[in-house]
Amino acid sequence: MADETVLLHKRRKRQLSPKAVIPLSTPLKQVHITALSYTGEQFEEREISKVEECFALRNEGTVTWITVKGVHDVEIIEQIGKCFEMHPLLIEDIIHAEQRPKVDYFEKSIFLVVKMLSLGKNEVVNSEQISLVVGPNFVVSFEEHEDDTFKYVRERIKKGRFAKRGADYVMYAIIDAIVDNYFVILEKLGERIEQLEEEVVQNPSLKIIQSIYNFKTQMIFLRRCVWPLREVINSLSRTESRLIKKTTHFYLRDVYDHTVQVIETVETYRDMIAGMLEIYLSSMSNRMNEIMKVLTIMGTIFIPLTFITGLYGMNFKYMPELSSPYGYFAVLGVMAAVAVFMLFYFRRKKWI
Amino acid sequence: MADETVLLHKRRKRQLSPKAVIPLSTPLKQVHITALSYTGEQFEEREISKVEECFALRNEGTVTWITVKGVHDVEIIEQIGKCFEMHPLLIEDIIHAEQRPKVDYFEKSIFLVVKMLSLGKNEVVNSEQISLVVGPNFVVSFEEHEDDTFKYVRERIKKGRFAKRGADYVMYAIIDAIVDNYFVILEKLGERIEQLEEEVVQNPSLKIIQSIYNFKTQMIFLRRCVWPLREVINSLSRTESRLIKKTTHFYLRDVYDHTVQVIETVETYRDMIAGMLEIYLSSMSNRMNEIMKVLTIMGTIFIPLTFITGLYGMNFKYMPELSSPYGYFAVLGVMAAVAVFMLFYFRRKKWI
Amino acid sequence: MADETVLLHKRRKRQLSPKAVIPLSTPLKQVHITALSYTGEQFEEREISKVEECFALRNEGTVTWITVKGVHDVEIIEQIGKCFEMHPLLIEDIIHAEQRPKVDYFEKSIFLVVKMLSLGKNEVVNSEQISLVVGPNFVVSFEEHEDDTFKYVRERIKKGRFAKRGADYVMYAIIDAIVDNYFVILEKLGERIEQLEEEVVQNPSLKIIQSIYNFKTQMIFLRRCVWPLREVINSLSRTESRLIKKTTHFYLRDVYDHTVQVIETVETYRDMIAGMLEIYLSSMSNRMNEIMKVLTIMGTIFIPLTFITGLYGMNFKYMPELSSPYGYFAVLGVMAAVAVFMLFYFRRKKWI
Amino acid sequence: MADETVLLHKRRKRQLSPKAVIPLSTPLKQVHITALSYTGEQFEEREISKVEECFALRNEGTVTWITVKGVHDVEIIEQIGKCFEMHPLLIEDIIHAEQRPKVDYFEKSIFLVVKMLSLGKNEVVNSEQISLVVGPNFVVSFEEHEDDTFKYVRERIKKGRFAKRGADYVMYAIIDAIVDNYFVILEKLGERIEQLEEEVVQNPSLKIIQSIYNFKTQMIFLRRCVWPLREVINSLSRTESRLIKKTTHFYLRDVYDHTVQVIETVETYRDMIAGMLEIYLSSMSNRMNEIMKVLTIMGTIFIPLTFITGLYGMNFKYMPELSSPYGYFAVLGVMAAVAVFMLFYFRRKKWI
Amino acid sequence: MADETVLLHKRRKRQLSPKAVIPLSTPLKQVHITALSYTGEQFEEREISKVEECFALRNEGTVTWITVKGVHDVEIIEQIGKCFEMHPLLIEDIIHAEQRPKVDYFEKSIFLVVKMLSLGKNEVVNSEQISLVVGPNFVVSFEEHEDDTFKYVRERIKKGRFAKRGADYVMYAIIDAIVDNYFVILEKLGERIEQLEEEVVQNPSLKIIQSIYNFKTQMIFLRRCVWPLREVINSLSRTESRLIKKTTHFYLRDVYDHTVQVIETVETYRDMIAGMLEIYLSSMSNRMNEIMKVLTIMGTIFIPLTFITGLYGMNFKYMPELSSPYGYFAVLGVMAAVAVFMLFYFRRKKWI
């Protein structure tokens, strides 16, 4: 099996989305496993140091949520995989965290891959892969980082809110927390987009075009995360797997509605960004027009005047106008007339 | 339940559509409940001060339409919800009014979310969420604001027009009033678009581009309201729920046709707006062309003339032309010839 | 019923497509009803002055085609509606002639709305609503205007061509005449588009852009008429309603093919129009380029020359060149050299 | 029937695709009919002068392929139609050769319309309609022109290659020959497109834009021919008509794959053409930029210099610089410095 | 059969994708055949010199993978085809290597065409056709070139990793290797695209546009390879053919996910390329704006100044200013004031 894994390892490395940082380079040194069990309003939380302890948990009467943080210690993950009878390809999917959101149904478990998003600097959206294995009375969640992403879900369990609910409801709560987080990110992006919208009108520059382009890329990334997630949740909310109860279907349907809302917001942002580009181009051509107008007005007024001055700057011996005592003032008058005519002409053309 | 609600509360806050004003900030201080019951041509209308009164209404022989105005008093809404056996998630949907139009079928009731639109200043389309619970002999409608949106429906009931019709027909009448209102809004927007269309040809400016862009955004918003509404009505008009009678299906089919017309009008407006943008850009590049032409004509006529004047403005001692008595007039003649030639050339190029 | 109608009346007024003229404002003062009955090669045509006469016609052994011209006398239309057992909503659809093409199947009749098109001045496409009620042995057609739109169909009946055919074939003949008319309109538009195509290359102007934009709008309008019509005919040609005979299905299939051809032609025109816009913009930027070239060539040749003349127009006391007897001619030579070099440079750049 | 035909005649005339030449105007004066029968490796080919001879052929034990060249002699085509029990509308479809590719299944025959393409001058694609009637042991093909389009198929029959194959295989061979011909045309167009691609980069002109636009139109035309053809072949390869044998299905599937390849090539060409337009516009704006740069560099260098010369060309009595013996040289130096500074500035801006 | 083949031969020659090099021109002189058989952890590899040896291999108890390199020796390929009972059209598909990826199911075998990609110079993607025939215990793979494309798969077999797996798993391993290779190519292209992205901002030139356009073409090519491949794998992973085991379906599903990822990456690249074009055009118009600004600023400052110098360069006898002792300095002052005002005006306009 080890050799097989290495092969697959090699393969996955190549599945790079553009600019993706390969998590393999900055792995969590150690794998942390915690188990949270509850029945009714009772709960028990403990650190797990040896993977073997999981075997016991699996068959207890309680609902158990095992959280595995750090997915890069291949051996441990494989041990956990064996404990929960997972297919080697699934273990691969967990370890090499560049999967699309997906769901696989098995007789005794459901395997889920979803994406937790976070917002880095420069409005770059990063994603973390959350893999879930859902059994009749257990949920195993694999996370890449140390952060307590699902703190709020855990607290609700500890408060006894999940009393009679099973593992499927824990799964719902986790997905729900993830989708909620999408709204947080969209809201932040939305604020920045509105800022950009004002800037693009008031002070268009190439920098803004790059910002707009960056947002566009982020939106494409978001879409790629949300569309398959929507399919996953849709599938879960309609599945006939007996691991998911009828009552939970209704809750999943609700999360599904939220993902649709996320998608719509993403699409709206895309439209807004496209609109900004149009405004940018329009205001650019507007500016060009204005610049050209100034040049043309200045040019066309002074060019004939300068010609006239040149005319009387010529050194011909016989130029009758030059000796006339009123010649200078007559020429000044002509020039004033030309300028006024020009201004009048531009006014009529609505250039000034 | 309270804690659960708070959680959900927190969540919904995040479901912001861009620029959406969260109604939670300006809630209707008090919840107003009125009930309108009718049988045959009889009807009774009364204010309800205690939610418990609803329990009684539910089981009477009449058809009852309970109107709840103001959805932000969580406790009262929850009480009403319990009275009509609604799922906690539905109560959430009512309270947090940023849902997409949707329909949920239950054994004893149908739950609907639709959007009432209104036109604010600057052609900004605002939406109000109308939630409907339709049972065998009752309709509960939840509105966010105080306005008597469905005054006309109410009047028709009072006139006895609904005589033998059931709760499903009341639902139809409400939806019909909402879709009718869409036409009113579209008509107003349409008038403004036609104005813009004339302006864009006669006096293109950056302001118009912003107006066009704003309209585009409004159209996207309208689409987002109407497309799911269409699905909702389509679903209602085909549902096998026994809560909706066969005869009502035909009426719903009619409203469905109207939503299709709304969608087509929205799409037509979108096309018109896109066309305006093209006209704007064309007329911009046209203007630029004209400006450039003026500059070029002036420039190319006077540049050689000015050169000639410069030539004879030079102070060389030995310039034979200068001492010729006809030099000046010969030069004037040459310059006139150059100018005429240039004008002729431009005429041939169709620049003037 | 009257009140109901008024309500609906009010509603329909709002269903304005952009720029649509509401027919209600210029109604046909009177409703004209004619009936054309035939069996075998016999036929009888008569004016109907009282609606009640229709009752009799309905149950005769002949196939009867009742033509109602003018749909704005609500009362008469309602009477006819009652005679043929039509749903009030259908009567509405007839009276308020802004419906999309559609078909409704009932047990005893089929209700159709289709659009007759005509070409007004400035290539504006106008539409007239034709509503059809098709029963086992009768067709009622409602037209808005007085024109004898279906003269040719009528003539064929009078010549005995429809001998053994039923009411469904009359319906087919009417639809066929309408679709044929679409081709006439498309042909006319096509000729004008080809004209435009030449103009846009030879003499691009803002006027042409407006023409192009107008055509685009007409094409959108045509699409909105033809796409639903296609669905209507497709539905008719596959319906299992026993009102339409198997043999007629084949004829309907043929009209269906024609509507597909209409759609393809419309799409081709749209593509041609889009292409024209591109050519317009290209030729615009081409012209700009040419204008700029002329200015640049003139400018860059004469600017250095003018500088030289200025140089020797300075009044410094000590300028050795000025007193040289060959100075003037040397300078003329230098200027000629500069000009030649410039021309050579532009030639190499392929500007001249 | 005659009158019916005339009516339809009138109708079809209108089904003009843009710029289509109506074949009715240049009909083949006479209809040529030939029949090719084969069994095993035997074959017989003969000219048919009287349509009645076809009746006999139909019921022989051989497979017979009747080729009808020239479809504009209505009477003869109608006679043939009667012989093979064809519906009057099908006869219409044969005579008026502006049909879309289509297939109609009947109990005793299959009726096909496909398009043979040829390439006229200026890369204009022309189409000829080939109508096929396929029966249990006969194929009738109707062609518009005299050319021996299917010479190769005929030769293979004569060589005995079709030995045990039936009429359905003859049909396949004809369709296959047509689709093969599409590749020939695409190849020729492809070569010309590659030429254009080079020209657009090296020597962009308005002429090229018109060529590009022409290609675009041809591609739209090709699409309109191939898409429905694909549907036709798909339908044939899946039909349950007992006129087409299982073994032939596989061959049709193969032609289907070829049509998909044709479509993909057409789409690729469309993309290439769109790309060319973009390159054209980019290189246009590039050229404009270059032109502007030259003008700007020349202008901004000489404008200040010319100003300086003007300054010392003024005739004020008291200008101290003028009488300085080094004034002239100092000014020359200043002007050189200005010019060098300007050049340096443009270099930094990467304009030169 | 031979004649048939020639016909088909002729046909395929025409199926040129744009710029495709016909492999027929540079065929592998000789066909190399090798056979790799394994059972459990045993394996045997041998060169096959006579095609007849294949017959024996087919019926052994082992799983055998026959690799045929060089597909242009028609006779040998036909012999192999006969040995494995392949349809003549399939043999054609193998020989003429311009097929789209496809799958055909037969009772005793599955026939697959897939595309191996490689990256030539100038980022041109080349493709090689790999044809597979998969039977119950054998796989025949036909490759165009000599390279050991599937070396890694072969090594894994030799190490005994495929022990109990059948021919279907060998097929999976081959497809998997191909799809993995797509990621390698995408990664390389991705790096180049990122480079381009930087260049387009820093140093936009027509060359870059051509590079962008080239990438676009490559992306279109990739799409054309991957989309049908996706369909092929999807079909394989759902087929009910008993030649593919249930357990292999899961592996195929995994490759399917990878092709979806490939498609998404291709689409992302397309979006990035489109974005680059926009940035290019924006930065072009930006540059134009800047150039125009410089010209306009220089022009509008100096044009009036030059006019003034011209004014006092005139040779009129009576010009009072000229004799004033402060005239020169006053004029200098006026000119400075004009220049300062201009600069101030441009500053306010944010041009400098």
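As written, the chains take the letters A, B, C, D and E, and residue 1 is the first residue of each chain.
Everything that follows uses one rule, which is that contacts are C-beta pairs under 8 Å (C-beta built on N, C-alpha and C of every residue); 3 or more make two chains touch, one makes a residue touch a chain.
Just so it is clear, the structure is predicted and the values come from calculations on it, not from any experiment.
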Mutual neighbours - chains that touch chain D and chain E alike: none
Size of the rotation, in steps of 5 degrees, that lays the CA trace of chain A over chain D: 145
Distance from chain C to chain A - Cα centre to Cα centre, in angstrom: 42
Chain centre separation in whole Å, for chain B relative to chain A (CA means): 26
Multi-chain contact residues (two or more partners), chain E: 281, 285, 288, 292, 295, 299, 303, 306, 310, 313-315, 319
Arrangement of touching chains [line / ring / star / complete / other]: ring
Round-the-ring chain order [start: chain B; next: chain C]: B, C, D, E, A
Chain B - residues contacting chain A, complex: 3-4, 7, 11, 14-19, 87, 89, 98-100, 102, 203, 205-206, 209-210, 213, 216-217, 220, 224, 277, 280-281, 284-285, 287-288, 291-292, 294-295, 298-299, 302-303, 305-306, 309-310, 312-315, 319, 321-328, 331
Chain D residues within the chain E interface of the complex: 152, 156, 159, 161, 176, 180, 183-184, 186-187, 190, 193-194, 201, 250-251, 254, 257-258, 260-261, 264-265, 268-269, 271-272, 275, 278-279, 281-283, 285-286, 288-289, 292-293, 295-296, 299-300, 303-304, 306-307, 310-311, 313-319, 349-351
